[in-house]
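Scroll down for the structure; my scribbles are underneath it.
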Amino acid sequence: MLEDIPVLSLIVWLPLLGAVVTLLMPKQNARLLRWTAIVFSVVPLVLGLLLFASYEPILGGGAYAEHGTWLSVPLNAEAWSASQGVTSYRLVFNYLLGIDGISLPLVLLTGIVSTMSALATVHIHKRWKTFYPLFLLLQTGMYGVFLARDVVLFFIFFELTLLPMFFLIGIWGYFGKEKAANRFLLYNGLGSAVMLLGFLILIATLGFSATQTAGGVELVYSGSYDTMLANLADPNAAANAGGAMFLSGNLRWAAFILLLIAFGIKLPFFPFHTWMLKVHTEAPPSVVMIHSGILLKMGVYGLIRFVALLFPGQIDSWAPVLATLGVINILYGAILACAQKEFKLVLAYSSISHMGIVLLGIASLNETGFEGAIYQAVSHGLISALLFLIVGSLYERTGTTRLDELGGLARSLPFTSGILLTAGLASLGLPGLSGFIGEFLSFLGLFDTWKWLTAIGVLGVLFAAVYVLRGVLAMIHGPMQEKWIGLKEARFIEALPMVALTALIVLLGVYPSLLTDLMQHGFDGLLKELQTRVGG
Amino acid sequence: MSMLASYLTLAAVLFCIGLYGVLTKRNAVVVLLSIELMLNAVNLNLIAFSRYGIAPSLKGQVFALFSMTVAAAEAAVGIAVLIALYRNRATVNVDEFDELRR
Amino acid sequence: MATVFSQYAWLVPAFPLAAFAVLTAMGRQQNRTGGWIATIASLASFVVALLILIERMSGNADDYNGSFDWLRVGGTQLTAGYEVTNLTSLMMAIVTFVSLLVNLYSIGYMKGDDRAAVFFAYVSLFVSSMLGLTLSDNLLIMYVCWELVGVCSFLLIGFWFQKPEARAAAKKAFIVTRIGDLGLLIAILLLFWYMPGHALDFSSLHNVFGTQSGLISTSLTTLIALLIFLGAAGKSGQFPLHVWLPDAMEGPTPISALIHAATMVAAGVFLVVRTFDIFAAAPAAMDTVAIVGAFTAIFAATIGLAQNDIKRVLAFSTVSQLGYMMLALGVGSTTAAMFHLFTHAFFKALLFLAAGSVIHAVHTQDIREMGGLGRRMKTTAWTFGIGALALSGIPPLSGFWSKDAILGAALDDRPWLFVVGAVAAFFTALYMARLFLLVFAGKPRGSAEAYAHAKESPAVMTVPLVVLAVLAVAAGFVMTPFQDWLGPWLSGGGEKEDANGVAIVVSIVVSLLGIGLGWLIYGGRGAVRPDVVSSRLPWLARLLERKYYVDELYDLLFVKSLGRLGQGLRFFDEVVVDGAVRLAGSAVSALGRANTRLQNGQVQTYGLVAIIAAVILVLAIAGRRFW
Amino acid sequence: MITTLTWSDSWYLAPEIVLAAFTIALAVLDLALPRRVGRDVIGWGALVGLVLAGVFVCWHIHDLNVWKDAGKDAFRNVLGGSWRVDNFGNLLKLAFLGATALIVLASLGTVRDREVPIKGEFYYLILPAVIGAMAMSSSGDMLTMYVGMELLSITTYVLVAVRKKSGQSAEAAFKYVVTGGTASAFVLYGMSFLYGVTGTTHLASIGQALPGALADYRAMIYVAFFLMIVGFALKLALAPFHAWAPDVYQGAPTPVTAFLAVVAKGAAMAMVYRIFLNTAQFATGDDSQVRDDLFLALGVLAAAAMIVGIAGALKQQNAKRLLALSGVANAGILLVPLSLDLTNLHSSLFSEFVYYLAAYVLMNIGALAVLTLVSRSSGHEQLSAFAGLYHRAPWTAAAMTALLCSLAGLPITAGFYGKLYILFATVQTGEYWLAAILLGTTVVSYYVYFSFIRQMYMRGGENEPSVRMTIPTGVVIWVCAAGSVALGIFPKPVLDWVDGLFSLTTDFLAR
């Protein structure tokens, strides 16, 4: 049934439709706007769940893939036609959407976190009619990133998330919002510029395909991911390329490093992390939920999809570098998280630490590690979304999230505090909650190859306990200050996403097969490549 | 060839004098005159090439004629602009034309 | 024989889990009924566990194993499953029994607390995960439950969250045990990659390590064993990870009885027993276990001598007794260890509950403010006395038999450890005598008003005391040197405890000596002044009172230095990393400013710059061709 | 060979003749019309003239297509080869005419008598300027090119000074005259050497003769080209030859600023393309050193322009100066395709250039049109004039956002696609350093252009006066904004069309 409708396109474009719809609505009716946004966030989620239900790992997502040509622009063929009989020489940007075990979990994550964050937009108090279209536009960008199978399309969706985020931070943020928005824009702009250069190198050196027709040769450059994979796998590709420049060793390294940095900034890894601190502290909570919950995961996804899967040789020899970076991230983030006085910053640094675990998973270069990386991404997405949801809810009530100003909140806000504690425990990797599985799989994967590094990285788990407990307990335990006595417990619309996210975190922690089974065949190609490389 | 070389040298010197004038003279009128000097250096160049050049042809002289005409027009406009400016500022000192800055 | 009840073993943890779910869902409204829901659930668990135990005791029942797919790791499917063996059934029975009693006791103890429902929810979750830990058939699931019990312990220590001490203690408990957990985690990682077929279940471990298959080298085995022991040490409060356990006494007393005396802290011992094959294959690891155990036993016992908080004395006693169990394991006697775990569960739970009863009555934990309470609370005093005697190792109480089994095993294996154990036993008897005498005998030292208000606790609290007291007396008879029933049952008939006359005599003598000395000092006769040590050797008294300054050392070594490192990195992050970013930014703006400065409005300046630029361009690009 | 102007030749000069005729007619009309009659009618007349000229250009394109289909060369030499009708010229002419039409239309809505007292003059002087621009893009001879360049320059000198009561306007004009004159002198000086080495001023002939002259007159060839490069760098305001541009742009009336930024720059660019592609390719011979140096110099200038332009704009508070500096950067981008090697793989430089030029026309004119509106309501041209525009005129703010996205090169806009196309070319030819600089400056440009967005959306705005929109300006703004977005989403028709029309061999290599 799902195969017959363009389900992926629906997932991508429905939020945009929602954005248009909200634009047509009256300006003052916040409820109407909010519920429209919620509906348009839920529908893609439902579609994603249907996909999830019918997805067969063994078959892959081929049945759902959508192929189309978006642009086919001419490159001047005169010189070619004279020498090689090329009749058509074009640059093609495809509209390729696809799904597999790597992207499906992230699509689901996007749906879930977006929906929850849409519910959490009750904390937005002004300019709704501008907020919701941007919010929905952002969703289109995110879905597009996870579903696009053409590097240019991917890039466009990637950039498409930039603009709404800039506004969402800059208009609805807290005190230093403009600065935060600028930082976000510049840093991510830099990242996407680096990424674009990498992609262009890929297109120019891997994205070509020549078709022999009756009239002559048709030469095409395209950003199609599958074409690139096919060219990579084809040992004769360089010869087939004819005059075209094939990806040489040096270029391969250059593109690899460029993409690594590009996605590393998004991830973010040390020392490219400072931008996200400001975003975490200054952006409105529902936006940070999306930022920390989904946008950072675009880095994870990019690293796996474009760095690991496209450059098996490079990632093979750079695995120690990645693993070291991962360990640095883990410890650096964790130790700094221990030293913060502002809870949002604790969470920001903890994100850095957790993303280090993702790097470890990727550096392990085995199925376990990759699964761990994705699992960690999904789980961190849920957990950090939950944490920021609570942060928003607390900030709404207390006007601060500084650790030294809060305390004893469990007295007046037992429910919120309980959820906060659960989320904190999940964040420190407590078994039975989702955070553990991702960490475990990543460590397990890396341990096969880099035992000492893993052992050092595991220390991060200890620090995680330190900073999470330090932060969470400072807020909810201890003596309560007078002024927090009358606080009101979370409203239903706040409690709903809290409970839902908690439930998901527990579910994924208790029954991890739910996700790991999805990813089962996602890495077959790469692993085969790595094996031949290692074996041969 | 030596003939050409000397003309070219003269033209180059003239050009440089013109350029120097443009860059240093305080009087706006002199600045405009210096531009004319540069253009005239070029004219000299063209004529020299047209007479003593590698492939002598009339084209150079024609070019010089055009150039003179155009330069005249340019000078006219330049002086007109300067007059407008002088009316406004009551000075022709280039140094004082710095209201538009930064 | 067919297993009738064993296949329903999953019900045992399921009941308390259900209670937890119900209590959480219903929230705070259930302060009244909450206790009963939890109690009924643990009763149900106890019944099932008891049935299973009886079934297993009736002889040759097969081990039962059930599992389902849990997590796919690469090509390997990890399962979650449960396994019923003699060991697990025994452990299950202990846990369910103690938790039943503690639940019952808590109904009285927690009466009037407006978060009682939360308390019972936590307890139920704890019981459930503790049972899961007991039942699980592989290390990974065990690890999951292992961490869950840790969290419940953390939650319950911090139950009175408004007390800063409780918050600090909870945090400390979690973090210190987590250090041990990391060891266990790394051990699991190692096992996963080195075990054939990535198997983590206990039967495979037995097959690989127990049979000298040589699949895994001795050094690696030692490493794995030590890492597992690190985990066990964290949970069981072995030196140097013991620091959290005394602080954990900030929690409600029933919790101290249940978690920090009878069950969870014993999980470390249980873990080593479960993976004993690995230890057995690594002699060096065995030495470590034995030495650490023995050292902890004597180390904690000496500290117990100088503490003034009733629960802290008991806590150090627990640490010390756990050290005994580890000592037993280190000298190769799992039966002795399990036996002591078994008896200790009863008498230590008894001691804590009785202490709780005292605290309930006088609202203080400082023994210097007690005294003479025996007259006001007879049941409590009697039961506490029985527990103290059992702990001190006075025959024929249960503690005597189990301690004797350990000392006997130590004597057989490494006599010098026996000496250490015996000295520790002396101190044990001494501090228990001190504790009992200071609390229940003599004249009241606290305020008269408090003494007047002190009265016996309600039945719901005393009944568990009595039941436990009976068991503290009787439990030892399952394995005496004369009638050894437990040993063969647990170890499948291989191990037979030999009566060791020397051990028996020495153990009785040191216990009596300890009690006697205690009587002389604290008996109120003034034979020896209580400040005999503190006046002669003030530094020693101070050392003991300050717990050998281990906390202070850790604070200096780890907490402070982590804080300093954090500050340093913060500076680094703000100044160097972010500074580099700002520097790049300001470099660009400096270029912009240079450009702005250039635009001074002087067209001749513009021309000059242009000409200079032109010269540079020509020289750089064309000029390089000419020289 | 003596050639005379024939009727058929004048058919190929029709667009220019039309414009010239309109200039004269409108000048006469301006004189004849009584004072009290508004001069808007002259503006509309100029618009008609521009459109008519555009129709003729289209007609030429059609003619050339017919020839092409018939198998003939799709170009026409007129006046002894000094004038060429080919699609290179035609496409650029269309761009210039379109841009001028937009500017005229926008100024019809905004130029007020107080600002430009001699409005009629403004409208009819813009026409000969366009003729000059067209001559620059359509000449086959250096001489004609030079005359075209001067025609454009001299008329724009006047246009800049058109607010004759304003000291700023006159000062800007003076600076422009001095710089423009010097630039002309440099260009001309370089041309004279080129003539000296080859003995001809005909571009194609120079191209043929240069490889032969290379052996003996290498230094002179260097001199010739570098003098021209310096001259053009001044004209194009490439960094660091750009310092005059912000002053002049600021002092000139905004429509003239737009004209300078778009048409004058585009025409100079066209001239550079024409000259370098015709003469500097040195297609034969192994000695490619001089050629490489020349194109490297262009690349370096382009890079410098991108960097300095954007960096300079970073701290700029005056919106007009900011756009001037952005124009410097964009000139750099426009120059990049030319500086790249022509190879089998990469020969679509003209499509890249023309596409980005079109994008640049739209975004720059649109942005300046918005600026006119905004500065008129706030009375100044500082960035803060945009404060709260989102509240005052949400739709204009939205249009401006689209235009800024295009300027910043964010998807999916014409600016994005144009940059992408050029970037792909740089990567194809292996000029990664240029790609890196282009990308790096693009990132910095986010900051620059988003400073408008910050003002519009995140700063005050409730107290500022409202913005009064006029229909012609509104039309221009929306044409530009919609065009920017549409070109970004569907660049294919334009590029297919350009690729079908333009041919490297026909337009540059055929004599």
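Just so it is clear, A, B, C and D label the chains in written order, and each chain counts residues from 1 on its own.
Convention: a residue touches a chain if its C-beta (ideal position, glycine included) is under 8 Å from a C-beta of that chain, and two chains touch if they have at least 3 such contacts.
The UniProt protein names, listed by chain, are A = NADH-quinone oxidoreductase subunit M; C = NADH-quinone oxidoreductase subunit L; D = NADH-quinone oxidoreductase subunit N.
Predicted, not measured: the structure shown is a model, and the values here were computed from it.
Participant: Using mean Cα positions, find the chain sitting nearest the overall protein centre.
Facilitator: Central chain is A.
Participant: Report, in whole Å, the distance between the mean C-alpha point of chain A and the mean C-alpha point of chain C.
Facilitator: 39
Participant: Provide the C-alpha centroid distance between chain A and chain B, rounded to the nearest whole angstrom.
Facilitator: For chain A versus chain B, the centre distance works out to 63 Å.
Participant: Determine the centre-to-centre distance between chain B and chain C, using the mean Cα coordinates as centres, and give it in whole Å.
Facilitator: Comparing mean C-alpha positions, chain C is 95 Å from chain B.
Participant: Mind pulling the residue numbers of chain C that touch at least two other chains?
Facilitator: 596, 599, 601, 603, 607
Participant: Tell me, which residues of chain A touch at least two other chains?
Facilitator: Residues 186 of chain A each touch two or more of the other chains.
Participant: Provide the list of chain B residues touching at least two other chains, using ranges where the numbers run on.
Facilitator: Those would be 19, 22, 31, 97, 99-102.
Participant: Can you identify all of the chain pairs that touch?
Facilitator: So, checking each combination of chains, I get A-C, A-D, B-C, B-D, C-D as the touching pairs.
Participant: Please give the residue numbers of chain B that touch chain D in the complex, ascending.
Facilitator: Listed in rising order, the residues of chain B that touch chain D are 8, 15, 18-19, 22, 28, 31-32, 35, 38-39, 41-42, 45-46, 48-50, 53-57, 59-60, 62-63, 66-67, 70, 73-74, 77-78, 80-82, 84-85, 87-89, 97, 99-102.
Participant: Which chain D residues qualify as touching chain C in the complex?
Facilitator: So the residues of chain D touching chain C come out as 174-175, 178-179, 182, 219, 222, 226, 229-230, 233-234, 240-241, 243-244, 246-247, 289, 293, 296-297, 300-301, 307-308, 311-316, 325, 444.
Participant: Give every residue of chain A touching chain C within the complex, in rising order.
Facilitator: Of all residues in chain A, those touching chain C are 186, 270-271, 273-275, 332, 335-336, 338-340, 366-368, 371, 408, 410-411, 414, 421, 425, 430-432, 436-437, 440-441, 443-445, 447-448, 454-455, 458-459, 461-462, 465-466, 469-470, 473, 476-480, 511-513, 516-517, 520.
Participant: Write out the stretch or stretches of chain C touching chain D in their complex.
Facilitator: Result: residues 588-589, 591-593, 595-596, 598-599, 601, 603, 605-607, 609-610, 613-614, 617-618, 620-622, 625-626 of chain C touch chain D.
Participant: Under the touch definition given earlier, write down the residues of chain A that touch chain D in their complex.
Facilitator: Interface residues on the chain A side: 71-76, 78-80, 83-84, 91, 130, 152, 155-156, 159-160, 162-163, 166-167, 170-171, 177-178, 181-182, 185-186, 189-190, 193-194, 196-197, 200-201, 203-204, 221, 243-245, 254.
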